[in-house]
Amino acid sequence: MRIAVGVDVGSTQSKAVLMGDDGQGIKILSRALVDTGANVTRAAQSAFDQCCRNAGIPPQDVGFIVGTGYGRYKITFGNAQMTEISCHARGAHFLCPGTRTVIDMGGQDSKAISVGPSGEVLDFVMNDKCAAGTGRFLANAAEVMGISLDEIGPLSLRASHPVKIATVCTVFVESDILSYLAQGKRAEDIMGGVHLAIAKRTLSLARRLTIEPEITMTGGVARNTGMVQALETVLGQKLHVSPDAHFMGAVGAGLFALEKLGESFESSVWREHASSCRN
Amino acid sequence: MPLVAGIDCGSGFTKALLVAQDAPGETLRFAGKAQVRSGVNVDQAANAALDQALAGLSRSEIAYVAATGFGRYNLSSRDIAITEITSAARGSFFLLQRPGVVLDVGSQTTRAIAITHRGRVHSFKSSDKCAAGSGMFIARAARYLEVPLEQVGELSLKAAHPHAISSICAVLAESEIINHVSAGVSVEDILRGIHDSLADRAGAMLKRVGMNGELAFIGGVAHQQGMVRALEQRLKVKVSVPADCEFVCALGAALLGLQRLARRN
Amino acid sequence: MEMIERTFDSLGDLLQDLSFPTVRDWKREHPGARAVGFFPVYAPLELAHAAGMLPVLLNGAGDRLDIQHADSRFGSFICSIVKTTMEMAMTGHLDPFDALFFSSICDSARNLCFVIKRNFPQMYLDFVHLPHSTSETSVDFLAAEYRRIIAELERMGGLKVSDDSLRESISLYNQQRRLVRQLYELRAKSPYLLRTWESYVLIRSGNFLPVEEHIAILSSMLEVLPARPGKKRDSIRVVVEGAFCEQPPLELIRLLEAAGCDIVEDDLTLPQRWFSGDIPLTGDPVQALAESYVQNSVYSSVRHDFRHPRWQGLEEKIRATHADAVIFLIAKFCEPAYFDYVLFKKKVDELGLPHLLLEFEEKLFTFDRIRTEIETFVESLVFD
Amino acid sequence: MTEIHTNDYRGTIHQRQKDLMLDWYHRLDQASDGGDPPTVSMMISGNCVELLEGFGASPIYPEVNALQLAIRHQSLEPILAAEDLGYAADNCAYVKADIGCMLKGITPTGERIPKPTLVLCNFVGCNTYVKWFEHVAELTGAPLYVLDVPFLRGEEPTEADVAYVVRQLKEVVQLLEKLTGRKFDCERFRQAVSCSSEVEQLWSEIKHFSQCTPSPFDAYFDAITLMGPLYVYRARQEGVEFFRAALEELKQKAIARTGIYDEERFRLVMEGPPPYPYFRTFRDMFAKWKACAVASTYSTVGGLWEFGFRHDPDRPFESIAMHMLAQNVTNRNYLQRYEQIRRYVEEWKADAIIIHFVKSCRLFSAGQGDMRDYFTKQLGIPTLYIESDLEDPRYFAEAQTKNRIDAFFESLEHAKSASRQGRECARTA
């Protein structure tokens, strides 16, 4: 059986996925999730080690490792790197084969990706400078409200009169929230407003592509039920949310790694990256 | 003797400070002070801070409440609401006893204020959204770097090669920090880089209000040694940090409250 | 007296209505006639009026329209009025208009003209080049440019524009501008009789009304206002400068007044009052219009005239109204206003006047930050 | 990561260009005492440098100063100095850098730049120019003339447009005669115009070399290094000689089929100015993928010559007017720029378009979202949209930019390999 690992080193969390191909089909054999923290290389390493342990497979049996995410060039043990855009598209296509559009809210960017029938990236757009609307936007909002990140989604669902949020500037939204708190607005209505604002923002981002169904949401924010529902409302259609949504980048990286092992995928991207990280 | 309370309802913390004065001109007596997290309910926080400050004394002793800061209008027990800039000026003037320039770094906004010889605001400048640089920003960076906030100042002093944060946008600045981390820059150098860039931005605001050789630095962030050092080195000014630098706005409000009270009686 | 309040309320509602009801009504009453929209600032409304059309001054969408499509066309660092106007186009709000005219006020507004043109090929869009020159030759050029517009309006199905019909239109707009000037004089003399937000809705409603109707409203208000009961307040006299194109939220104007500012001069609703005097009704009317733009139009950050620099114009405003302070009210990302702030500030400092710089966007829902700044500014003046 | 790319992008013309520009700065330094030669501040876009030759006057190009400073990583200090004066974060950083330099007496080479004899605002489509030169005039106390060039509203300028510009050009001549005390030398003027037309011919031929595969030079990054001489020396014999040499060098490369990389993998059309403070970093991001620009709109700011326009010695004033009105990218309307890019993609055989949004320049950037929409959705051409600034280092987010560029080329790679595999399947079948 061919064994490969994808490691996604994100700004807040690092994920690793160990994948196997026994000729019958490709399976996810184990996952690992660790906080990235201040030492990226260490985080990547421990994510990798953990998922090997979880799968009960010695690291030396791993045939190929592909790194993705902002910290990908810090993965000293990696064989190659791909951007998370390619990986999310690939992962989404693997877990939800009907995927034609991917929406990903990462810690540093939010992105919308048009995916081709074989999981390739046809086109992609990422947030403008002055309209982050990213995962951090939510995290900061939660912090200002003094609520934990896991609570804000469910909370937002209870909103009856979501407040108006004029800006998607993370800095200004904080003072907006404070003003609303000062006005005695209910926490759920404020959070409802925040989620709606980002959902609308993401919609207009995705509109820059031709939004084809099916749409799959990836990234950590996909675990936020409030955000998913807000997006479904503005998009007017259902979203695929895989239980592995926040592993999607790592899954995609793992798939590329497997292909590389099988040599079925010969592209100069590989020569490029491979050569670049051997030395 | 009747107490006057100055309550600074900031976005991060709520501070209460009690003063008393037998008659105008007489010496001031400080009856207590306290600071609590603001949370979502202004009145709650204010009461908590007030009770701590009273330290057993009865509420009935308080004759006048001057509210300042972000939540000033939501303090139901207030007799008057004053903007934090006016009170910062007043409080600093009381401590400096001379006109000058004040830098107030709060958790949401940073402000430069020039004070007249009578302790009034002469001119002021607040940071706008595209200017990463307030207490909250440092707090986030600290959390990301896994450094307890109270150690930030010390660590930053240890920096060997400060790594500047160039972006003006707070969001991008946070990304920049993350990327520095990914690039393997030491925590000390990043922290000092943050302080340096904050100092530079403060400098731009201070120049707008007309900075002279000296500078009074107030607000919670003034506790951070690294920030003080950064200001002194980057802006070539003498920086004085009053004791209880986070209570200066509350103090200013209390002083203005005393005036009103005196006028009332 | 409650007639006054009623008028303000109904006109206030009119400003809030993005469906342009007055335009739709007018077109119903004038079957086959065209409505023409003009983007700020210096719009030759007279030309369209003389062609039997309804000229309308566009002014963005305030906070009443979510940006859902426009930011896929205009990215970061572009002012709000450009985005809201694009959004209005993309959401059908501009359908009542048969043509849109833009002019050479700034780069964003110009590109907006052509971007809308690509997205709505069926709509007539035109770009008027207003001279950034005070050379004699610029008058002839502008006259030629105006004649080009007239020809286009006629081709579009407008009435043939004769010297007489154009003169009639000019004299109507002269009258409207005269009344607007009187309103400003009244407000400067006794701010307690007429608040700025009131005169603002009164004047800005003229953007959407046939000029004849607007004239009627203005004159009737000018009759009753002086007799209005009002108490003189302890406040400071300020000149507001910088919001000549994109308009601030009404709430912000109210906030300024509530904080203790009497706004005695401003450049809000500039499109309604951009000639310092009447346009002569003698001679060739097209030439007269062009001449007036080059020689007698009110200064603003989007018009070049070094014979009479803008900062000098601001000084005259300050002296004429005995202002205590200047508040620069600048739309976020409005580059012309930002540039002028530097030289305006220099002038204001020379005059020893305090000033405050405030940034706004069409969409503002919370005002605490701005309020703190305004209150501190007023506090620092009244107590010093 | 380690950089695989080692090409230093140098030809002998790059060195000659450096020398020419230094000579120019040296002439300006000399002019700083005694005002000889007379100097005229002008904008690059649709500049009328030919007119100056009639007085033996030298141009001062604030833009060139600003970008030279940025390339040398010295732009932030003057920008901050200007912001201390009250300029906003959202003002054009070119202007701030230029004003800041005047305040602090900074120049790109350390040599002096004189107070201009005339501040000539050849306003072509960029309203910021007017502000910029108003402020320069205020600061230096030099006389200002705004040469108002009507924006190109239709396909061609109207007669009124041309007449208007010609009349103003003649006003400028009179004004300069007054200011310099020199008589306008019509003969020298005519020669200047014919020099220009010759340079324009050479430049146009050079720009057509990038139609070859591989392209012998990068029509964005390398074209920019040739732009200095194009604007400063176009109307002079040095210019003619420089561009003859450049043509020769590039012709040899074209014949030898030497590209700028061992293998040219992608052909790009670039829209928008470059991020000068990170010029090399930015170039390396494309070099890593062996991607070569075969055409760029930015290199047509000063003049659009690859489609045939030339100055005309027999109609000097009229042809200068035409150049200012219709033959530079900044005075042409947005949709005409779309068409220009479309032709590049078609006739220069490009695979993709890169739109670089620069915060400072709304003339270029306001509406580039629509441009992307047009090319991706209407024409189906892969288009990448990235944001930073041309002068202000604070707006270049390196990691984000790199990430987007890598992702874009990854997707192009996949498309290529997919079609390659497709072809192979077809063959085996």
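Per-chain residue numbering starts at 1, and chain names A, B, C and D are given in the order in which the chains are listed.
The rule is simple: a contact is a pair of C-beta atoms (placed from the backbone, for glycine too) under 8 Å apart; a residue touches a chain by one contact, two chains touch by 3 or more.
Just so you know, these numbers come straight off a predicted model, no measurement behind them.
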Between A-D and A-C, the pair with more C-beta contacts: A-D
Farthest chain (mean CA position) relative to subunit A: C
Geometric centre distance via CA averages, subunit C-subunit A, whole Å: 46
Subunit B and subunit C, separation of their C-alpha mean positions in angstrom: 41
Approximate Å spacing (C-alpha centroids) for the pair subunit A, subunit B: 38
Contacts with 2+ other chains: residues of subunit D: 86, 359, 369, 373, 385, 387, 395, 397, 399-400
Residue numbers of subunit A (touch at least two other chains): 70, 73, 108, 128-130, 167, 175, 178, 182, 208
Contacts with 2+ other chains: residues of subunit B: 70, 128, 130, 172, 175, 179, 182
Complex contact set, residues of subunit B against subunit A: 11, 39-40, 42, 70-71, 73-74, 108, 129-130, 132, 136, 140, 144-146, 169-172, 174-175, 178-179, 181-184, 187
Touch list for subunit C against partner subunit B, complex: 354, 359, 368-369, 372-373, 375-376, 379-380, 383-384
Sites on subunit D touched by subunit C in the complex: 85-88, 90-92, 95, 123, 125-128, 130-131, 134-135, 137-138, 144, 146-148, 150-151, 153, 158, 160-161, 164, 167-168, 171, 333-335, 338, 357, 359, 361-363, 365-370, 373-374, 385, 387
Touching residues on subunit A, where the partner in the complex is subunit D: 70, 73, 81-86, 108-109, 116, 118, 120-126, 128-129, 208-210, 265-269, 272, 275-277, 279
Subunit B partner contacts - residues on subunit A that touch it in the complex: 9, 11, 37-41, 70-71, 73-74, 107-108, 129-130, 132, 134, 136-137, 140, 143-146, 167, 169-172, 174-175, 178, 181-182, 184, 187
